[in-house]
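Next, two complexes with subunit A in common: one pairs it with subunit B, the other with subunit C.
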Partner chain A sequence: MRRHVGKQSIRFDLPPVIRAAASVVGPKEGDGPLKDRFDRIMPDMLSGTNSWEKAESALARQGIELAVDKAGLSMPEIDYILAGDLLNQSIGSTYAVRSLERPFFGLFSACSTIGEAMTLGCVLVDGEYADNIAAAASSHFCAAEKTFRNPLELGGQRPLTSSWTVTGDGCVIISSSGKGPRITAATTGKIIDMGIKDVNNMGAAMAPAAADVLIHHFEDFNAQPSGYDAIVTGDLGSTGLKLLKTLMAEKGYDIGENAFDCGVEIFDAKTQDTHAGGSGPACSAVTFASLFYPKLCEGRIKRLLFVPTGALMNSTTAMQGETMPSIAHALRIEA
Partner chain B sequence: MDSSELSKKKYKNLVDEASPNSNVYRDCLKAFAVGGAICCIGQALNNLWVNLGASMDEAGAYTAIALVLSSVLLTGLGVYDKLGKHAGAGSFVPITGFANAMAAPAVEFKREGFIMGVGAKMFTVAGPVIVYGTLASIVVGLVYYILK
Partner chain C sequence: MRRHVGKQSIRFDLPPVIRAAASVVGPKEGDGPLKDRFDRIMPDMLSGTNSWEKAESALARQGIELAVDKAGLSMPEIDYILAGDLLNQSIGSTYAVRSLERPFFGLFSACSTIGEAMTLGCVLVDGEYADNIAAAASSHFCAAEKTFRNPLELGGQRPLTSSWTVTGDGCVIISSSGKGPRITAATTGKIIDMGIKDVNNMGAAMAPAAADVLIHHFEDFNAQPSGYDAIVTGDLGSTGLKLLKTLMAEKGYDIGENAFDCGVEIFDAKTQDTHAGGSGPACSAVTFASLFYPKLCEGRIKRLLFVPTGALMNSTTAMQGETMPSIAHALRIEA
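And now, the complex of A and B:
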C-alpha cells in the first residue's frame, strides 16, 4: 500500500506518459466548435457499413489504430488494449479490437470508461507490466438511442436537461517512456446515488459523483482547486456543471474559474440543438484527445484534473423505476 | 457524499432549481396549431371524398388511409420526427402520430430481420396504445350495454 494515498488515491512512482491521443468523430461533432481539432470526421453516421453498431466498431477501431500510429508505434508494440462502450456487453469495443490481435480488457463504466481505462492503464505501466497500452472509449448516437431510448424517426420532444450522445472514439496511448504530459496520480470514484431517477437528466445524477471524487482527491493530496489550471469533467452538461459548482461551494471549494465540461465544450448548444450538451463514453474521450491533450503538450495547460463521469443505469432498471447510480474517476495530468 | 434521505431531498430541490424547464405556453400553442392543422387536412379530405360521391362511412375510412399513408411516408423520409420535435402532442395524438409510432421502429429494426426485427419491434411504441385502447373500448361497451 506504499503508493496508495489517503482514502481513494494512488500516485505513480514513474508517472506514465500520454504519448499520443487520437479522435475520430461523426458528422454532427465535426460541425461543432471543435471541428478543426479532430483527427478524422466521418462523412455520415453509417461510415461505409450497413448498421449503426458496425459503424461504431469501425470508428472505434480507427481511433485505436490512429493513436498507435500517432505515437510512432506499431500494433504489436501495444501490450494491452483497455476499451469500452455503451452497447450491450460492450460489443462495440469487442468487434473493434477483433482484428487487432492484442491482449484486451473490455471495460464498462458508461461515460466514465476512458477514466477507468486510463487509471488501469497507468497501473499496468507504472507496475512495469506493460510498456505501452491503448485506452479507448466509443459511442454512437444512433446505436445508443436504439439501445436506451426511442426509434430515431419517432416524433417526440427531448427535455432541456437531456444530452446528446457523442458519436466517436477517443484513444490515448500511455507509455513508460517517450514525450508528452504525464499522469502523476489518480483518484478512483465510489458509486454515488443521490436518488435521481430522471433518465433525461443524467447531469444531475452524475454531479454528486464528480463532487465526491474531487473532494476526496483534494483531501487525499491536501490540494486546492486553485492548484490546477483546469478541472475537466466528462459529460455533466450545462445543468450538471452548475450543480457540481454548487455542491463544491457547499464544501468550501471554489472551482468556478477553472471548471470545464467536455459535454459543454463539444457542441454549440445554441445552434446544434443538443440541449444540456454531449454525453456518452466518446464525449470525454474525444474532447480530451482533441482539445485538452494538445494544450497540455503545448504547455498552455500545466496541471489538469481529468474527471470523466458516468451514469450507470440500464434500460431495464430505468423502467423499473430504479435510481441512477453514478461514478467519476479523477486523473492528475501534468505537462 | 452524504446520501441520507434528508440530503437526497435537499439535493432534489437543488436539481429542480438548476434544471431549465420547457416553455409550456409556446409548446401548447405549437401543439394546438399543428394538431389543428392535421385535423383540418383530415376534414378537407373527408369533404372531398363526400363531394366525389362517397358515403360518410366510406369517406372516414378513405381519410384515415390517406393520413396514415402520408404519415408513414413522412416518417420514412425523416420529416415526421422533425415535425414532432416542435409539435409534441400536436403531431403525436392524431392518427398520423399512431402511424409514425408504428413506422419508426419498423425502419429502425430493419437490420434485425423482418420477423424478430420489423415484425416484433413494430409494436414497441404503439403496442400499449393498442392494448389499452382495446381494453378501454370493452369497458365503454359494457357500460353502454348496461345503461342502455
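And now, the complex of A and C:
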C-alpha cells in the first residue's frame, strides 16, 4: 500500500484537480454574508416542488448539473457521482441522481459527507479508475428539522448552542486533467464518541472528531498548523470551533490564527438568528464551493486543509438515550 | 483512466483477495436452509440489548470482529471499514463501528450496500491505498419493519410479493495478500426507476436495475452469462428473479441455467412464511458469506458474478406518492 502514509492518511501520486465547484442555496443563505458568491439562490423553500424532500432533491440535482456545466463537461463524461445527505435513506441524493444516468455511489457521513465524497472521488481519479467524478452533498432546513427535531409548526425555542441546517447543495468536479487547485492528500476519520447527548449542541460532539483527524493528519505528514494558510472545519459553529482550538492547544497545536469554520462563515449569527452557526451536509459543501474554492483558484490561499465534520445520530438514538458519535475527514488542497 | 473498461466497469490490475467472510444472523435465519453454514446465530431478536436498533449494531459489530478474526488479522491491521445498513442515518453501522477505532467510510445503497462496499474496498486495495479493508452490511427485521412499514404490534397482512428483511450482518475482508477467491472486475450501477410504487413488491422495482448492470457488465467485457458458473443477485426474491430472467431474455441473454438469488436461498418460503424471499442489506451479505464464498474457496464455483440489488425509497417518499428508484452493483469473483 505504497500510497498509504502514517496511520490513517494517503498521498495522491497524480493529485486530482478540482476542476469546478458549484453552489445552489435557499433564500436564508442567499441573504447572508456569502450572498454574492453563490451560483444560484432559490426564491423559496419549495423550489417549485410540493414537499421539502422533493425541494432538496431538486436543489441537489441542480447543484450537480451546474458543477458539470461549469467544468465544461457533459453529464456522460462524469464517470461516477458520489453523494449523500441527511434525510432518511439518503433520498435527497438518490432522487436527485436518478435522472442523471451515471454510475452512483451513495454515501452517508452526515455533515461530513462532502469530505468522504471528495476522498473516495480522489481515490477513483488518482487510482486511474475514473477521469471525472462529481462529489456532492445536500441538506434542507425544513426537511432536517422535521427529521431530527420538532415539527416547524411547533415553533420550539432553540438554545444558543444549536445550529441552523443549511438549505442547499454543493458539488465539486474532481478530474485527472484540467485547471484548478489539486487535492494532494487525505486523512480519513475514525468515529469518535465523547458522550455528548444534547442534539442542540452538535459542535461539542463533533469538535473531538475534528481534533482527532487533525492530529493524525499532522502526525502522519510530520506537519504543523502553520504550514497551512487556512484550516477549514465543516460545521462546528462558534461553540465547536472554540472547543476545537482548546482541544488542539492541549495537544500542543496552535490553530488559532488560521482556523475557519464553514458554519461560522455562512450566516451572520447576530442578524440572522442562527445561534452557533450553520450545519448540515450542505454547510461545508456550499461554503467551500462559494468562498474557499475561488480563493484557491485565485491563489489567495495556497494551502488549505478542508475538514468537514459530522454527527452520526438519528432521532431514535436520541430517544433511546444514546450519545452522538461523530466523524471528520481531512483533505489537503493546494493552489 | 487505464483501469476503466467500457462504459461503466473497472478491471483490477492486482485483483484483491477475499481473505475471509463472516455471517452473524438472527433466529429465523438460523432456522432456515443455511442454518449449518452461518458463523453465529443469535438466540433472540434483542441480542442482549434493550432495542432492535441496538441489537442490529451489536450484530454488525460482531460480524466485523468475526471476519477480522477469521482472516487472521487484528483490528488495527484493518485500514478502512466500509459499511452501511437500512436504518435512518445508517445507525446500524455507525454505532457498530464507533468502538472499533478504524477509519470509516459510511455507505448507503440500501440492500445493495455490500456490493458498493466491496467495489470501493477493492479500489482502495487494488489502488494500493490499503492492505486490508472490511466491507459489511447489516439489517434487522423488526427495526426495518418499524422504519419502513407498520408497527409489528399491528400484525398487518403481507402480500405474496413481499419479502422478509434478513436479521444479520455479513462482512468480508478484502486484502492485497493472502489466500482466497479474487475480485477481478466490478461494474457500478446507475439508478433505474421503472415507476414501481408498491413497497410490498421490491423485487419488481429492483429487477430492472439488476438487468441494467448485468447488460452493461456483459457488454463492457464482451462476455456472456454462460461464462459464469453462477450469477447471484441480491434480494430480488422469487418474483423479482423471474422478472429479471424475462428482462434479460428480451435483451438476448439467457441467464436461466445459472441464476441464483440470495433472497430465494436464505429462507424456505414454503415453511417459513417469507413469501417472495429474504431482503435487506444483510440478505446478500450473509448469503454470500455463508453459501457462495465457501463454494468459491473450495473451487466448486470457479467464476461468480455477485449482483447485490437495492431499492432506494423511504417511508416519506412512499407517502408522497413517489416511485422506488433502484440500483445494483456487479462484482466478478474468481476462484
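Heads up, the rule we're going with is that the second predicted complex is superposed on the first by the 335 of 335 C-alpha atoms of A that agree within 3 Å, B and C clash if a C-alpha of one lies under 4 Å from a C-alpha of the other, contacts with A are read in each partner's own complex, and residues count from 1 in each chain.
In the analysis below, a residue touches a chain if its C-beta (ideal position, glycine included) is under 8 Å from a C-beta of that chain, and two chains touch if they have at least 3 such contacts.
Only a predicted model underlies this, so the values are computations on that prediction, with no experimental measurement involved.
In the superposition on chain A, A:Leu243 makes contact with subunit B only, not with subunit C. Of the two partner chains placed by the overlay, subunit B and subunit C both lie in contact with A:Asp193.
Contacts of A:Asp261 after superposition on the shared chain: neither subunit B nor subunit C is touched. Taking subunit A as the reference chain, the count of touched residues is higher for C when subunit B and subunit C are set side by side. Of the two partner chains placed by superposition, subunit B and subunit C are both touched by A:Ser51.
Look at A:Asp235: by the touch rule set out above, it reaches neither subunit B nor subunit C. When the shared chain is aligned, no partner comes close enough to touch A:Asp39: not subunit B, not subunit C. In the superposed model, A:Leu152 lies in contact with subunit B only, and not with subunit C. In the superposition on chain A, A:Asp169 contacts neither subunit B nor subunit C.
Residue contacts after overlaying the shared chain place A:Phe105 against subunit C, while subunit B stays out of touching range.
In the superposition on chain A, subunit A positions 51, 192-193 are in contact with subunit B in one complex as well as with subunit C in the other.
Here subunit A touches subunit B in the complex through residues 50-51, 146, 150-161, 192-196, 201, 204, 208-209, 211-212, 239, 242-243, 246-247, going by the rule given at the top.
For subunit C in complex with subunit A, the residues that touch the partner chain are 1-4, 8, 10, 51, 53-54, 79-80, 84, 86-91, 94-95, 97-98, 101-110, 116, 119-120, 123-131, 147, 176, 188-193, 312-317, 320, 322, 325, 327.
Against subunit A, in their complex, subunit B makes its touches with residues 1, 3, 7-8, 11-12, 14-15, 18-22, 27, 75-76, 78, 80-85, 87-88, 91-92, 97, 100-101, 103-105, 107-109, 111, 124-125.
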